[in-house]
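Next up: some structures, all given as structure tokens.
Paired with subunit B in one complex and with subunit C in the other, subunit A is shared by the two complexes that follow.
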Partner chain A sequence: MSAKAFKQPPALRTFSSAFVIVWLVIAAFPFLWTLWGSFKIELDFFSKADWQNALTGARTFLEHGSPFTGDGYQGAWVQEEFWQAVINTAIVCFFTVAISLTFGTLGGYALSRSTYRYTFWLLIIALIFRAMPPITLVAGYLLPFFEWNLWGILPTTIIVLVAINQPFTLWMLHSFFQKIPKELDESAKVDGCTQFQAFRHVIIPVMWPGVITTGLFSFLLAYNDFAVTSMLLSKENQTMVPKIASFLGTTQTEGNVMFAVAAVVSATAPLFILVMFFQRQIVSGLTQGAVKG
Partner chain B sequence: MAEIQLRNLSKRWGSFVGVNNFDLAIEDKEFLVLLGPSGCGKTTTMRMIAGLEDATEGDILIDGARVNDLEPKNRDVAMVFQSYALYPNMNVYENIRFPLRVRGIDPALHKERVMQAAERVELLDFLDRKPAALSGGQRQRVALARAIVRKPKVFLMDEPLSNLDAKLRVSTRAQIKNLSHDLAATTVYVTHDQIEAMTLADRVVVMKSGIVQQVGSPTEIYDTPANTFVASFIGSPAMNLIDGELVDGKFSAPNVAITGLTGGNGKVTLGFRAEDATVVEQKGEMNAPIYTLELLGDATMVSVRIGGQLVAVKADKTFRSDIGDPVSIHIPAEHCHLFDTETGLRVQS
Partner chain C sequence: MKHKTFFWFILPTATAMLLFIALPIVSVVTQSLFTPHEQILKTVENCTPFNCTESTVVDLEATEKQRVEQPLGRWAGLSIYLDRGHLATTAIAEAWNTRTSLGNFVDRLGNLPFYRAMSFTLTYTFVVTPLLIVLGFVIAVAVNSLHRHLKGLVIFFSLLPMIVSPLIGSLVLFWMIDSRGVLGTGLQWLLSNPDLSLKASTELTWIMLIVYGVWHSAPFAFVVFYAGLQTLPQDTMESAMIDGATRWQQTKYVVIPHLMPLVTFVALIQLMDNFRVFEPIVGFNAEAHASSLSWFIFNDLGGETRLLSSASASSVLTIIGVAILLSPVLVRTWRDFNAKG
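Moving on, here comes the complex of A and B:
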């Protein structure tokens, strides 16, 4: 590829660079603002007197002798036991991803290799379920869950999240599997594999980028979900997002809003690390060029 | 090692017929080539032998045992795919070893067997590479090595050369011929390239629209094509075919008159090969203006138009003339083939 082909006139280059910078600032600003503000007290961050207090931390300085304070984090993590919500989120995410991917890879593979016409309709039905707002399902679930005494516990939430997530994983993995040539399965079968061995030894290793990408999206769904977790979990089993909401919802005291802000920052940071860690897999096209001559 | 019998083998998808009533015995150690244009059912036939496609009707027997209901892995066949189908996550060594690994062959033997196979196809320098880092020809050889690493009863090759460039194709073709001779294995080879078929095969099966047109040695297929389809498919250039009329041993068509032929009176298609005719000064059986002149190096190809059809004749390499100049062509009657114009079938003479 020649560099010349990508050469742009200077005006265009300046404009596009400027555009990217503006976009970055707009996109990053809310998070940076929250991160900065999480080390202030509420009177600064939500100052009615002067919005610049949020930047300078004038009140925080008066109260704590420094423009920064860890009070919000202290309150959220120690006083309100936010770590419990972190553990709950970890459990919910892990099982949701594990179960979704197990069914998703097996089902997506089967659908991609099936020659029956009804596979198309299965996928369309999956798409319809995917399109429904999750809250519509929750409303229907509530009564039976109360009746059977299943409400409020983590496994119930995990199952509901898997149910909501499964159509998406099926679709995504199905399209990944379809990009893997059928000759690979066939070659493996002639070489001595059963269908399942071909799947395990040949297809899945090639599929890793797809599995990881899909897994990440499933993880984000479980991690960020509010509708299901807030409706189906009791207070002691709450995951991070409903917990943060509950900090906000009881604004009797000064500390609580700042607990929420600190908790938001705590909940967002792992996502950055996660995406950066897996970015190579997310963009990679491992199978390209390796199969065709 | 193995003989394969195909008994009235058919494959249909709904009303579409892929392969119709394929009946053939492939002998032990035979190199059989399935030849035909795309969509003629040759690959489907091979895939049914491999077990990748279910036969709608008929039986497949390997060494006398019916294998229709066996999984591909239990048929003891090895297959080379057109796209090579190498495992992209494994290096060359692991690719070649894969059949041994999944078949639970004693791991102590793996290294030796892989090395032998790799050496045969000259891959010893590339064992650590991933398929993505190999050229087309090297990938093709990995696929070959993977097929020969466990000594299967039957080799199946699905257009293994079609993704290679012309030069590499010739050398790889020679390699495959040598390999199959050394291994003395029954081989079924699918191609649409008649030169590959001619050079490799002990026997060629010419197919069209799922129906076998002719089975025979390359010489038989070339010298006595069973119908006009085979005649026009085999040879480079293909056999010249001219529609005309035969009356009392004399064939006539516009600008063509050939005497001394045998056969009943009526409409016939006359065929002859470019190399069997010669350009003469005058009084040839065919006289027409030159349509085009192609210099091939070892010969000059002269084409004329007869009744809308191009007819090619191989002239001496020193022959020169201009487009539009009249040319006279001698077509010896003994080199002429007669086909029924209606059915296309060869008229016995």
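Moving on, here comes the complex of A and C:
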């Protein structure tokens, strides 16, 4: 069968191309617009007089002698100390991903290799935990954390995020390890390895694609979390997302919305780069659970 | 794998989940049954050389003693669940008995905070989920027919709305639809209504949040369906074509049935995720017109007075809601597992 038969008629082809273009504009335009606008002053970003001001930066030019200004970034990073939030986010993400993956690979491997019935129940419990909105657990954390003086610090948040991450990590790595043939580690055991040695010398060298994919999603969860980080971190330990939310409370009244705009752009930039480099892994991770049906 | 080895492998993850998910649930349920102690008051007489006055002050010592003896507070039973802030049974009974019409009853139900949050959460969940599935499917079919060099680029940009934090995504849209922003101005011009503000009316706020929800989640459906289209059986497509099926018939009788398991998968995941809708309400500053169950809990927990009992009761009710939504998935997993043996 030639590819010709699958070819679309011109009208349909035009229509579907037009649709893709419209979707691309809907998906990408808001980000480009905000990126462009973050270098303007507020009167241009929210222009009552003429929307084109946001493009040309007419008022920014009047005020700064150039259509671009870094004032928003200066205000957010230096004046409001957004850099502190960036460092906090980096710490939280790094440790959350590292610990989640360590726990998750051990657990996921065990679940994929055990043939007893309790593995099923453990996975079901993990699924139930996965479905629960994290904010419903926060009321349970606050009292003991206050009591034991654990509230507000980064390690507490990291371990909570690790725990919230576990159900998802377990499911993902479990299905990944199931695809690695059992014969591989069984033959190692025949050769006299213990289960852990088999894991260490046979499984670890071949597990990296699955671990990287899972790690990406753990990272996104920690990076994007708002419910837990905003409730469990004190003001000076805030990560980026709650910090941006706190900008809205304080700066909107002062007329410094541009700080928040600059902060939003700064927080989105790493995600852009992440998608650019790991697009293939993200797509395969999203579809992994699905294609199994 | 032996039980003992299994135990050591699973120990770290099980401990983490037990300590930070299972125990907090127990703690939330317990807290929802207690309410904070009232302060113990005492009357003291203040005498000056001229006269004596009686005043009521808080007996700090006794209050503290009571707090130490019963740290959880007073036993409240189910009363927190039934109070006006939650299930509001009395208010509902009264509204039902004094209703003038069914519409009137529903209106009065909408004034109760918990029901207001629930109605938005359910509307959001059940409107956004089907819409995003349809949109995701159409994008997947359209992208699939593109030239292969373009596909990667389109997928890159399509992933963006999904990958950014919901709070950031909603802020980006919020600034654009502000009445001074580019979309807000555009809409005012389009509808020739210079006073139009999406933030001012409840209906428009709901629509705005739903549009955001579809924008945010459609990429997920798109990527899953797109992957499904790559495994489309070519033989079946060819036979359909030879039998004279039109393009529309091919889609309806071959493509859609092939993707059906994926539709179920996307629907289940998205029902769970949309039910926890929360960040957009903060981002769009929409508390006045729409509140969700998650936002309701967040609101109780934030601020100076942390209303732990009230937040716990809402949390338990939310968890029950999730359990109801999840039950079909659990039944399905159970059946799959038994089928596999």
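What we mean here is this: the second predicted complex is superposed on the first by the 253 of 293 C-alpha atoms of A that agree within 3 Å, B and C clash if a C-alpha of one lies under 4 Å from a C-alpha of the other, contacts with A are read in each partner's own complex, and residues count from 1 in each chain.
Going forward, contacts are C-beta pairs under 8 Å (C-beta built on N, C-alpha and C of every residue); 3 or more make two chains touch, one makes a residue touch a chain.
This is a predicted model, so every value here is computed, not measured.
Residue contacts after overlaying the shared chain place A:L150 against neither subunit B nor subunit C.
Of the two partner chains placed by the overlay, neither subunit B nor subunit C lies in contact with A:I91.
When the two complexes are overlaid on their common chain A, residue A:Y141 makes contact with subunit C while staying clear of subunit B.
Set against each other, subunit B and subunit C touch different numbers of residues in subunit A, with C touching more. Looking at the shared chain after the overlay, A:I212 reaches neither subunit B nor subunit C. When the two structures are aligned on the shared chain, A:I128 is found in touch with subunit C, with no touch to subunit B. Common to the subunit B and subunit C interfaces on subunit A are residues 194, 286-287, 289-291, 293. Residue ranges on subunit A touching subunit C, taken from their complex, read 1, 5-6, 8, 12-13, 16-17, 19-20, 23-24, 26-28, 30-31, 33-34, 37, 45-48, 51, 54, 102-104, 106-107, 109-111, 113-116, 120, 122, 124-144, 159-160, 162-164, 166-167, 169-170, 194-196, 199, 220, 223-224, 226-227, 231, 241, 244-245, 248, 257, 260-261, 264, 267-268, 271-272, 274-276, 279, 282-283, 286-287, 289-291, 293. Those residues of subunit A that touch subunit B in the complex are listed here as 181, 183-184, 186-194, 197, 201-202, 205-206, 286-287, 289-293. Within the complex formed with subunit A, the subunit B residues making contact are 50-52, 71-73, 77-79, 81-90, 98-99, 102-103, 130-132, 136, 139-140, 146, 156, 163-164.
On the side of subunit C, the complex with subunit A involves touching residues 1-3, 5-6, 8-10, 12-14, 16-17, 19-21, 23-28, 31, 138-139, 141-143, 145-146, 152, 154-161, 163-168, 171-173, 175-176, 178, 180-182, 185-186, 215, 219-220, 223-224, 227-228, 231, 234, 237-238, 241, 247, 261-262, 265-266, 272, 275-276, 278-279, 282, 285, 293-294, 297-298, 300-302, 306, 308, 311-312, 315-316, 318-319, 322-323, 325-326, 329-330, 333-334, 337.
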